Every structure is written in structure tokens, then in C-alpha cells.
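Next come two complexes built around chain A: one with chain B, the other with chain C.
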Partner chain A sequence: MKKIKEIAIYGKGGIGKSTTTSNISAALSDAGYTVMQVGCDPKSDSTNTLTGGKSIPTVLESLRKRRGNLKVEDVIIEGFNEIYCVEAGGPEPGVGCAGRGIITAIEFLKQENIYEKYSPDVVLYDVLGDVVCGGFAMPIREGVANQVYTVSSADFMAIYAANNLFKGIKKYSNGGGALFSGLIANSVTFPAQKDILEDFILQTKSTIAGFIPRSLTVTQAELWGKTTIEANPDSNQAEVYRKLAKSIYNNKEEYIPSPLESDELKNWAESWSDKLLELRKQEEGDFKI
Partner chain B sequence: MSNRQTIEDNYEELFPIDLSKNTCPNREQRANGTNVYYGKASKLLDDAKNNKILCQERKFQQSGGCVLNFYLAVRVATIRDAVTIFNAPVGCSSSALGYRELFRGVPVELGRPAQYNLNWLTTNLQSDDVIYGAADKLKNTILKAEERYSPKAIFILTSCTTGIIGEDIEGTVSEIQDKINARIVPIHCEGVRSRLVQTGYDAFWHGVLKYLVKEPKEKQEDLVNVASMLSYTWQDRLEIERLLSKLGLRVNFIPEFATVEQLEKLSEAALTAPICPTYTDYLSRGLKKEYDVPFFLYPPPTGISNTDEWLRQVAKYTGKEDEVEKLINEEHKRWVPQINNIKEELKKLRVDNKKIQVLGSLGQGRLVSQLPYYDELGLESPAAMSQDFDDLLMDELEEVIDKIGDFNIMVNTFQAAEQANIIQNLDPDLTFTCPFQGGNWERDNNVTRIHSLRGDADPWSAQSGYAGAVAFGNFIVQAFKNKSYQKILSEKTEKSYKDWWYQQPDPLYYLERGE
Partner chain C sequence: MTSKNEKVNQENILSNDQIQINSYENDSVEAPRYSCALSGVYGTTLGIRGGVPILHSGAGCGIGQLFGTLYAGGQSAGGNEGGTSTPCSCLVEEHVIFGGEEKLRNLIQSTIEIFNGSLFVVISGCVPSLIGDDVDSIVDEFRDKASIIHVNAPGFEGNSFEGYEQFWDAIVKQLLTPKEKQPKLVNIFGIVPYNHVFWKGELLNIKNILKKIGVDANIIFTEKDGLENIKKIPSAEYNIVLSQWQGHEIAERLKNKFQIPYIKFPSVPVGAKQTSEFLRKVGEKLNISSDKIESLIEEEEDRTYRFMEYPADAVILVRPHSYFAVVADSGTAIGITKFLTNELGYLPDIIQITDNPPDKYRESIVKEIIENIETVVRPDIIFEADTYNIRENLKDRPFLFLLSSSLEAPTATEDFGALHISVSFPVYNRSILVHNYSGYDGGLQLFEDVISTFVGPL
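After this line comes the complex of A and B, so read on.
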């Protein structure tokens, strides 16, 4: 069996995780690889831009309806450029346990031997949030992903989520869990944002896998229900994603980062507070334009 | 001023019972409870007074009950005209199995209802319910309960599962309450919420007080509430009924085999009296606060002198002071000679005139009720086991120590190994143990006996009141005279642990001391 590259991409909600993941999937698929993308978020919209903006049946909802009769074909839907799209699914906001949902969905996929059936070169798990519980840590636990990335902006809460992810990776690393391969810096427009993220990776002995500037092209493509790769293949932004995808595919770096303790993180953030306020003003100015 | 008075005076401030809340505080919060201790009773008392009781962890722990299963799973379903719903995976209700058959051992002639079913359902929570929430399932189960049994009340017992996923039980109840006739009573007994099983008692009473007890239509001056746990026996109910009826009083036994109406009318009673103080505590205080029903918590009616005192307390609140002295006199004439015979028999068993040593394994309530009784019989208690301890019973423990001297207390919930170690090392002449505490195994030179079986209807097993004092005394004498149980145990069982454990001087060897 060929070596499959299994990647988990984490990050705070709304940070551009699904957009980034889908564009990486599209770029890799364009480059000739067989790609599978698994959305691990109860919102179930990770793969929307790969399926023309349409929702696909989720693993959990289908399991609920079909129980033992569920066939994996029913929940693996081909999207843009034959990318295999999967959505784990989950409960409505405010009820049940989304973490248990992720566990159940991933266990189902593992039991169904989807890698043998679909033989992907790359599998990308797009995972919600900052590893709040055991369920959301599932993709970094033993036997699922082998490389982890996090999408983060220079916003403090996004960095907080990245730091939590580092804690999760460190915890599971002894038991054969996934290792970290880099931070994907999203929405980085100003030099100060770059400085903040570079300082954070220095403090946590980690690396940056790539920078993605803020771009209206991305927003536009999303509104059409498409990735930038599909909607604007010749744009600069598409080129940014293609480069990122290639570097991620070839990235051999795998390590355990050094998360900051909560006090350390607080002190670190304080040391940047003046700059952050400055940035906030610049961003607001940016939006006004 | 005694601790009790201090606590009573400041009770509202110290432990407010707030029925606007969904449930009670747990015993750890309310009363600094613990289930780990071994040492002098006086030290435990000092620690309790100085707020120094620690709820520590064990590195090794044997199985035990939980807030749901130790008490509620077994007893709530006995309430007549009611249905119990376990909002839980199916296994959480397993300890309720078999109780219908067990309680059938109580003859109808002794007051067990002839038409007799234990109505309980489970929501049988599964993976999907955990992921998506189980509000609809609970709703449907409630409707099913209404349709099948037309009950007056539906008790919902929550579980670890519903607790962890944060099920909005009250939200579901308020949505459906208007559509059905039964009163719905959610009880927050999530196993993970507390390690002290007494939290389950309090959670149950909280639900009863909040949802079932009604404003009194009229005060019934001859009605006495008695919470009658059936780990005391059916015979104890009969004895208490017998005694109180001689004072012209009626007993409102709750909750086992009570009707929903009996629970609704708790507010109309003249008094709430204890059989087990730790069990009755929350209910008594709640009824006092909400409906001004007076209560006392000590002593329970165990042994002759404590039964005297219990009756006097009952009489005090019901205006039967004259009648009670007459009753006590009459009863003494009948029972005290029998107790004296028992004392003589036990004296004969002494070697070198040394008092016979009895080791009781008890709940907190029995701890403070049975030790004075053993003392009354001329027995000595080198140590006593208690499933847990909290500061609700500080004064009572102090009284016991004053009366019978200091002794060792082992506090643990079903930790059979710790118990085995202590029994082996103290080597008492007689050990009382609960079947759930795993105390039955080969013992060479002393007697092991089970103290009671839940719902036992045999007069032989009674413990309360005068008849109970005599029956229990005879039971002890018999345990020494007939050693066949001991003989069979010795022949048929092996020691449960390796020698090093029995030789281990510290029964709390596995305690995490935080060093």
C-alpha cells in the first residue's frame, strides 16, 4: 500500500481554516494527486466550496438514519476535480456532544477501510477549534493524521487556540499521535502581524509553513461556492495556495512544539499589547477602504 | 454553646436549602463530607470542628455505589402511583433489577401492597443520543410512562451521561409538563457530581420538596413523618407504627412504598422524626424551612434508652408528654427483662471478664445510633466503620464519644480491602458487615454476620424500637452460640487478599497523601 499523507488542520472558528484547507485540497488535486477532505465540525460546511456551495450528507446523520446499513459510498461525495469530500457532522448548537460525534464519525471511517477503497494520496482533516476535549483531539491521536498544521491570524484568540493545539499534540505524542508541521499564517497583511506570529513560533519552538495575505478574491470565490483555485486559477492568491499546497505536500518536518503555559501566554500577549492596539486601528482603517 | 446549636442557629446561612435551584448542593459542599478516614473518632471530630476534613483520593480503589445507584435506583421505584425513568444508558438501571422479587418477600399481611409492581423505564441512551442530545427521547419516555401507567408522579433520575453532555432536563420538563397529568420530578443524581452517595438522598428530597410537597390544607397534629430506609427492615416500620399508635399518633412512612399523596402531604405533619439522621437531614430541614414542620435528628430509635429518648422527642412536638412516660413504663416492663437476659447471656461469653468486642460496619446514621446500643448491651466497640462522614452529625458523634469513650473510625464506601485489614488487625469477637461491603470471608476465631437485608420482613432481623433492641440482641447472642455460618465460611472461602495486605499496619496504605 502506498504511503498516504494524512494531515489535520486545526484553528479557531472563523479564522479561514476551511477556506485554506479546501484551497490546498483543490491545488493538490489540480497537481494530479488523489485528495480526500474530511470536515470535522458540526457546522458541516468544510467542503462546501468543493461541492459548488452545496451541503452533503454527513456521516453522523447518515449513521443515525441507516445504522448498520450505512455504506461508505453514501457519505463520500466527489467534489471539484474528483476530490473525495466527507463531512463528519454533529449536533445542533447547544445540545448533545460534538466531541463524541467526531469520535464516532472517525471510528466509522477507520472501520470502513476508506484508504484501501479510495486509495487517496492525501487526506486532509479540517478540524474545528482549539482541542477543547478528547473528541476534537481524535484526528491527532494515534492512527489518524500524522502531520498537524494550524491556521492562525495574529489575533490573540487565534494564537490561544494554536497554543492549545500544541498542548494536545504534546500530550498525545508519547502514544504515537500526530506531530506538528507548521503554522499557516492567514490574513497577514501588515508587517506587525508577521512579527507577532514569528515571535510566537520562536517562543513555542515551532515553524511557519506559509503566509496567506488577506484577499478579496477569496471572498468572491466563496460567495460563488468555489475555491479560489477553481474560480480564479490565474490570480495571485491561487498561486499563493498552490505554493503552500506544494510545500505542505513536500514538508518532512514533524516535531513536538513547546506550548506556553497560560501565565506565559498572558505575559507574552501583554508584551505585544501596544502593537496589537496599533494593528487594530490599521485594520479598521483597512476595512473602511 | 454546642456545635449543634451553632449550626442550627446559623443553618440558613450555612446550608441554605434553595428550592428555586434545580438541585441541592452536594455533601462535600454542604457538609464537608469525606469517605476516607481511619483513626480516632475524637480526632475526626476535631477535624470536623476545625473544618479540616479532607476528601482525599485513593491510588487504588475498589468498586462501590454511585449517587444514582446506591440508593435511588433501588428505592424510588417503590413509590406507589409513580413511575421512575432512568435517563441513562441501560446499564445504569441494572441495580434496580430484582428488587420487585426481593420486596415480594414481604408478606401482604404485613402491609406490603398486594397489587404490586415497580414501574420503571429507561431511556436507554446510546451513541446517537450522546451526540445529538436526548431531549426527544426523554419526552417520548415521559409520554409513554403517562400512557402506560397513568401515574401521579414521574421521577426522572439523571445519570453521568446526561450530566456530561449537559442535557437540559428542566427545559424538557417545562415543555411537556402541561401536556400530562403526572407531576414530573427531575432528580439530579449524576454519578460524577459527588463521591458521597448521600448526595443522592439530598437530591431526591430536593426534588420531592420542589415539585411534590403541597401547601398544607390542614395541619394533622397526629401525623409524624418518618423516612424509613429499608436498609432498616420492614419489622422496624411495624414497631414504630405500634409504638406511635399507642400515643394516638399516625406515621407517614416515606418514601418506600409511600403513595404520591403521602409525599404531597409531608407539609401537614406535626413533626419529622428520624430513623437515620443523615438520610432524613435534607428533608427535615426543607420541611421546616418551607412549611414550618418541626424536626429532630437525634437520637434514632435504636436500643432501649435511645428509643425512650426518641419517643420523648416525638411526644414533645405532639403534646403527648404525659402519655409517653406511661408508654415507656409499660414497654420497659415487657422488654427490659428480655434485654437483661441478653446482657447476662453475653456476660457469660466473656473470657477473663473482658467485654466482648463488636465491630460494626455502618452508615453514618448507624454509627451514632448503634454504638450506644452496643454499650447498653455491655459490649465494647474498638472501631466502627462508616460509609462516609460529614459535619451534620458532629454533636451526635461527640455525645457518643462522651458516653462510651474514644474508638477508631474507618470511613469508607465499600472498600472491602481496607475493612479486611482492620478486622484482621483488631480481631474483634464479632463483626457486623454489610453484604455490599464485602466483609464475608474465612475468619478463624470470630464471627462474621450480615447486619440486615433490605426489606427483610423477619422479626429476627428487626433493629429499631424496643422489639428491635431485643431482636438484635438475640441475634448477637445467637451469632455466638451457633457458629455454623462461620464454620461454612471458613471451609468454603479463602482469604481474599495476600498476606502482606493483612500484615500491613496502615489500612489507608493506598491513600494519596499529597506528599
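After this line comes the complex of A and C, so read on.
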């Protein structure tokens, strides 16, 4: 059996994880690889831009309806360029346990030997924000993903979530869990944003896998229910994603990052406070148009 | 295996360092002498006639307590509402992920329709507590259809003795309303159904003995119309708590909410001395004429001590001044130790307390034993619930009698050279209906049980 590259992509909610993941999937698929994308978020919209903006049946909802008669074909839906799209799904907000849902969904996919049936070259897990409980750490435990990326902007809360992810990776690394392969710097427009993220990776002994500038092309494509790769294949932004996808596919770096303790993180953020205020002003100016 | 036991000697009973060492759950516990909070609420509910437990939990929580609490409480099944008949939402993975509220709603609806119960007790176990099911609002939907309460009792929140307190907490908050006071009415607390293996007989004895001095004891459990008994709790003139810690929280709550003062007694009174002391204390608080009390005491003690003379030869000729060991919950251990020491002249060797009393009560438990035994012998007092550690603590000691759970019964002679009597949770090797050691006759029954271990065989 061929070696499958299994990648988990984490990051704070709203930071652009699903957008980035879907564009990486689309770019890899365009480059000729067989790609599968698994959305691990109860709101189950990870793969929307690969399926023309439509929602697909989720694993958990289907498991519930089919009561043991669920077939993988029912929940693995072909999207743009024959990318296999899967959504784990989960409960309504405020009910039940979404973390357990992720565990159940991934266990189902593993039990059904989907890798043998579909033979993907790359599997991307797009996982909900913070590693708040054991369920959301499922993709980084032994036997699921082997490389982890985090999408982060220079916003403090996004960095905070990335730092939490590092803690999760450190914990599971002892038991053969996934290792870190790099931070994907999203919405990086100003030099100061780059500086902040570069300093953060220095502090945490990690690396940056690539920079993605903020772009209206992405927003436009999303409104059409498409990835940038599909909607604007010739745009600069599509080229950015293609480059990122290629470097991620070829990336051999795998290591345990050094998360900052909460006090350290707080002190570090304080040291950047003046810079951040300056940035905020620039951003506000940017949007005044 | 770590052994962080707490030993207390006479010289240092007041030293906190000596009294407070082990927190039972820090290490793994082998065959503990209690179950979880859910079990305490479940057993307490089944102790009430007309009480119907509705378990919102996995199926194992119910069936596990059938074996682990009901049979363990002196081979008692749970009646029509207990054991395999218990309504249970039997939560599975689907409910963990998507919530189990709808299933519970249907379960409560059908339980109210099917069961001839008067008080429905929804008990939330670990799963709904972890995932955050909003059980309170579901129970609220049924409050105008039946007497129903919700007790949130995830197993991880405490042991079965603490579950007893959680049950009462819910009753006070959700069911009780102020009532006109009824003179000479008292409520009895501190005897935990099933976990306190002699609960049924003890409650009956306490009721009967108090009746003789004109006090009406609301024992709540075992009697017909359990819900009515619960509803009249606020009418009581006093609450009587028969434990150094169990029932104290509920007594405090009732004091604050309904201005009912309470009388504490360290355990269920065992034998003549403790029972006479108990009657004097109750009589004094409830303003009962001391003539009446003393005349009853004289009559009862006269009879009791004549009865104790019958087996006295067996003690004096065969096993005089024997050392004994007790392994029991604090309530049982205190009463038995004082009786055997003060009334039979036996020698306390080691007392192991198994009900994991909260830290703040431990010193008072130790003091109660040490300061109230009439002997120069000072027992080791150890707080321990781990069966392996309990056995280790019993090795190479002089005791001849071992009063403990049935777990020690089969090998007591072989392992410890001791004659065994099952007196504390879990008790699987004897059926306990009305048998108990409370009151004047109870002391005689304990005497009978001790003598019966060595007389005969023909």
C-alpha cells in the first residue's frame, strides 16, 4: 500500500482554516493527487467551497439515521475535481458532546478502511479551533494524522490557540501522536504582522510553512461557493495556494514545538503591545478606503 | 501499592497531622466499601416506599448497583422499582454526542404512566453531567403531573454516603414547604439505606424505643406512604442525626430553612448503655419528664442485663477479654466498638473506618471512640477503604474476633486466626431484614452473634 500523507490543520475559529485547507486540497488535486478532506467541526462547513457551497450529509447524522447500516459511500461525497469530501458533523450548539462526536466519526472512517477503498495520496483533517478536550485532539493522536499545521493570523487569540495546539502535540507526541510541521500565516498584509508571527515561532521553536496575504479574491470565490483555485485559477492568490500546497506536500519537517506557559505567553504578548496598537491603526486605515 | 494510612494513638488524637493523611481516591482503591454518588441516591430512593428511581445514565449504572449496592446491603433486592425493573434511559453513544434530553423526556412520561409510585426521583449519572444535558428543565415539565425531583449525582462527584446527602439536598430544595410544627415529632437522619446494612431494623427499633417515651419518630424509610413521611419533615420539633457525619448536611439545611434544631448522636445506639444515654439526651431536649425516661431505662436495663447473663458463661469460660477488630463505616464502627468494650469487656485492637468521612469530621470520629471506651487498651484507628490495605492492616495482630464486611468472611480464620461476623458494607453472606444491633435488644443480638461464632458445634 502506498504511503498516504495525512495532515491535520488546526486554528482558531474564523481564522481561515477551512478556506486554506480547501484551497490546499484543490491545488493538490489540480496537481494530480487524489485528495480527501475531512471536516472535523460540528458546524460541518469545511468542504462547502469544494461542493459548490452545498452542505453534504455528515457522518454522525448518517450514523444516527442508519443505525449500523451506514455505508461509507453515503458520506464520502466527490467535490471539485473529484476531491473526496467528508464532514464528521456533530450536535446542535449547546447540546451533547461534540468532542465525542469527532472521535466516533474518525473511528467509523478508520473501521471502514476508507484508505484502501479510496486510495488517497493526501488526507487533510480540518479541525475546530482550540484543542478544548480529548475529542478535538483525536486527529493528532497515534494512528490518525502524521503531520499537523496550524493556521494563524498575527491576532493574539489566534496565536493563543496555536500555542494550545502545541501543548496538545507535546502531550500526544510521547504516545506516537502526530508531530508539528509548520504554522500557516494567514491574513498577513503588514510587515509587523509578519514580525509578530516570526517572533512567536522563534519563541516556540517552530517554523512557518507559508504566508498567505489577505485578499478579496478569496472572499469573492467563497461567496460563489468555490475555492480560489476553482474560481480564479489564474489569480496571484491561487498561485500562493499552489505554492503552499506544493511545499506542504513536500515538507518532511516533523518536530515537537515548545509551547509557552501562560505567563510566558502573556509577557510575550505584552512585549508586542505597542506594535499591535500601531497595527490596529494601520488596519483601520486599510479598511476606510 | 502505597499505604498512606492514618494511625491515631491516645497521645496525639488532637494532633491534626496524625489524623489527616489519606484521601481515599488519590490512589486506586481495591474493592472499596462504598459505591458512587449515583448509588447513594438510588439506594436512598429505593428505601422510600413509593419512591421510583429514574436513572438517566448508561444501563450499567442500574445493573451495577443491583449487584454492587442492593445485594451488597445484606442480600436485599430493590423491590418493584429496583434492580432490573428500574426505569433507565440507557444512554448510548448517540446520546453522548447529540444529548439524551428527548429520551429522558419520553422515559419520565412513560414511567409516570406505568409505575404506581408516589415520588419520582430522576438521577443523573456521569454521562448527562459530562455533556451538560439540561435535566432540570425537563423535570420541570412534569412537576404538575407528579411529585418529581431531580438529583444530579454523577458517580465521580462522591461516594454513596455523599449521595445520601445529595438526595436530601434535592428534596429540601425541590419538594419541602413550611408546615405547622407538630410537638414531639422527630425526623431520623444518618442511617443510609443499603450502605448501612442494618438500616431497616435499626430504624424500626429507634421508632419503637422513642414511642415508649412519647416521641413520634418519622423514620421516612421502609414505611408505607414514604412521600407523606417526607412531606411532614418540616413539621418536626427536632431532627435526630445518628452519625458523626452522615445526615449532618441535611440537618443543617433543615435548621436554616425550617428552623428545626437537631440532636447529634455519634452512631445508632448499640446496647443498654448507649441506648439509655440516647434516651436521656432526647428526653432532655424534648422536655420529657425524667421520671418517665428513668423508669423506662430501669425496666429495659433490668431485662437486658438479665438476658446478658445467659451467655455470660460462654464468654467467661471460653473467650474472656478477647481482642477484637472492626472494619466498618463510622456509624457502625463507633457503636459496636463501644458496646463490645464497655459491655462485654472485650479489648479493641484495631478499628478501620471505611466510609471516607470528609476531613473535617475525622478528628471527631476518633475522639468519640478513644474518649468513650472504658479500657486501658488503645486501639489503632485507621481510615481505609481499600480492601488490600485493610487486609494488610489486619495481619499479625492479636484479635480473636473480626467484625467487618463479608469480603473477609471466607478467609478470616486462615488469614487472621479470627472468628468473623459480617456487620458492614458489603454484606453478601447473610440476609439482613430486621436483624440489627440498635437499642437494648440490638445489643443482645450482637452478643448472640459474637457467642454463636465459637459455641458448638454440636
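Worth a mention:
Everything below uses one rule, namely that the second predicted complex is superposed on the first by the 289 of 289 C-alpha atoms of A that agree within 3 Å, B and C clash if a C-alpha of one lies under 4 Å from a C-alpha of the other, contacts with A are read in each partner's own complex, and residues count from 1 in each chain.
The criterion applied here is as follows: a residue touches a chain if its C-beta (ideal position, glycine included) is under 8 Å from a C-beta of that chain, and two chains touch if they have at least 3 such contacts.
Everything quoted here is computed from the prediction, not taken from an experiment.
After superposition onto chain A, the modelled positions of chain B and chain C overlap sterically.
Contact with neither chain B nor chain C is seen for A:14 once the two complexes are overlaid on the shared chain.
Contacts of A:95 after superposition: both chain B and chain C are touched.
By the touch criterion stated above, A:60 is placed in contact with chain B and with chain C alike. Comparing the two complexes, residues 60, 63-64, 90-92, 95-98, 100-101, 104 of chain A contact chain B in one case and chain C in the other. Against chain C, the residues of chain A that register as touching in their complex are 60, 63-64, 90-92, 94-98, 100-101, 104. Only residues 127-135, 164-165, 167-168 of chain B touch chain A when the two sit together in their complex. Within the complex formed with chain A, the chain C residues making contact are 93-99, 101, 130-132. Against chain B, in their complex, chain A makes its touches with residues 60, 63-64, 90-92, 95-98, 100-101, 104.
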